[in-house]
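First chain written, first letter: the chains are A, B, C and D, and each begins at residue 1.
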């Protein structure tokens, strides 16, 4: 029987960046496992349909994945739920939905995976942030509050699990990711978008940083994006 | 019939800083109205028992207060729900409770008060942050994520309502506030704590900044507090 | 013989904000002492012509002022030297001039005044920052690098002299100050500028914060200024 | 005649990290060119003795290097001049020396190299920051003010030359770099230091980021370093 490949677990893998992340890690010899609310047409590796914010089902599904594949070496939290609306038209459901899908999902993902990673000798937990992680703009009250919360959570995890060998990193994606959906929504020139495979390459690099040099936060944006 | 006093509305007025804020504004000629889950023994001005995170009751109670007192001139969000626990022992209820009591309550408070303030010509909305608004420490995952979220929300409100004349400010309270409860909990020398009346004085100053010079964020800490 | 008034020492008092600061503190019972490279027409209080970045003359002049007036209670560093130019057209003299006038001057001012303040029981040292203290924009390489440097210096002073009772605060002035010179240079509506007297009021408040609640950084901007 | 290798130019290459950077880029097919005030024993590639803060000699030396090697593809500014001293014992020479060696040297380096990089189609300019780039600690007034200044300068360059295809990045090195000198100075366990080769790997990655995903700031610290 052969040696088991290290697993990468990507939450928010229903499309775009999530699939590119799985693909990059598969190329590097990882067992790619995607999680999402709906499966893409031709998923890279395993795909598990799961609402990660659902506390009644997500922990069991994650436990089963780990039982079958072993502990993950790399976990990536990449869910997003964008709401752009004037404050007076942003209702509590908008806040809860953004918070559930980006913060509660990260809590459940971390609680299911970090201890197994520690027990297996360490690993990486990478979280996708956004411009709104650092700046609450007008009409972004729901999205920014959830992305700020996710950054606070990520920092707390980074500091708590640093001594145990788990590298937690917050990547600020400051630009529009070039996906089929983004091309349909935006009139932006695709050469001014972020290429998913390029983002994936950076995540691959972060996941492989030695203990001597861990990055806890970095930004990524197209050369064409003002900042 | 006399001229109605301007109203200050303080959420989180069950004790300590909340009462000192009401007292400072009462001294300055304001009608003090406190909100909280439980009434203090001898409240300054009106006190309304309300769970501000409860969407079924809070909006009605706030609407009634405004109907009776007129629109607030100054609104202060000062609720806190501290959780300090290792991540693995912080459960979803802890995250929800901190988020509800500090973020959802701010959303409901702002949605009930900002439009009336705008219609009345403007006002101030001041939010109490903490050290954990800027830094997610180990064991602070729930508290920091909620305080980060509150800061993101506050920034978004500040930018959205700046043109309409509502001054939204985030005050970072970096220290232990000197209250009866804090003295019981901490062995800290009270001269190294923050005096509630001193914090209240700063909030009073912020609430009275002219449009030429608005502060959107400031920190406050004892001279003895390292930072 | 009467009691000596506490002295406020304002560097960068040749015009505009500097004079308003002196005026506000004079109204509050302080002995106002201005410093600058050229005297205004009708200075508030004493005015000493001095190039604060000149190490051969500034220390002596400051020592003489203190010998005559006693130690300052409040010191304000408010010098500015704006350079806006493409990087390739910004020469070393531009960097040195901005650095000398904003950083070296602050070093010399602090070295002459902080120990006398400590010996007299404490005091406040307030530094005027700008938008460029936090963000290095294109064409602002000289100005931003000097304003960043001044912020780093100010933080270091704040932490070093906090235990000795000297309150060091960095105020970020994010807007155009309404002065005769600004009106001549900018087509901006004066109601969208910062009123010097309003800034002075905030500095007065900072200088009088009790030890229980010191602000180490705050921003000030017109309600009309996007941020 | 063969194709010329792309040049990497490393300022502050007299030892430690500088040499490791040259080595990493040499391994990747670059022509390594080191600059420093004193040559190491067995330099990797070319080494030019130069005081980069000296405006009378540095521009000529840099121009000559470019004339001989072609424009650099990658430029790394890695000079450091550490001063740790109480403020009252930090004299103007300390401020000037730290500023000259870290800020003026970066200005001269950028003014000599950025236009040639633009003319050749772009390149990368990476600057080494430190913990003190973000926080001015007690006794670090000279070092922090210079490192803050360098960060402001770097941001300004990043924004100005982004449209022209030059990627300017600020890397915050938050830890002690494992060098012979550091081992002699610190009693710290070398496994808790940053390995120069590991830092060099990250700089290599930054220098090769595609235009779709540029990092403008990141931190690097040992897993054992609190933050």
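General remarks:
Everything below uses one rule, namely that contacts are C-beta pairs under 8 Å (C-beta built on N, C-alpha and C of every residue); 3 or more make two chains touch, one makes a residue touch a chain.
To keep track of the chains, here are their UniProt names: A, B, C, D = Short-chain dehydrogenase.
What you are looking at is a predicted structure, and each value in this text was computed from that prediction instead of being measured.
Two chain pairs, A-D and C-D, are compared here, and C-D has more C-beta pairs in contact (counted per touch definition above). Centre-to-centre spacing of chain C and chain D amounts to 32 Å, using the average Cα coordinate of each chain. Residue positions of chain D touching 2 or more other chains, listed in rising order: 159. Viewed as a network of touching protein chains, the structure reduces to one closed ring of chains, two contacts apiece.
The part of chain D that touches chain C in the complex is made up of residues 55, 86-88, 92, 95, 99, 103-104, 107-108, 110-111, 114-115, 132, 135-141, 144-161. Here chain C touches chain B in the complex through residues 159, 162-163, 165, 167, 178, 193-195, 198-199, 201-202, 205, 209-224, 226-227, going by the rule given at the top.
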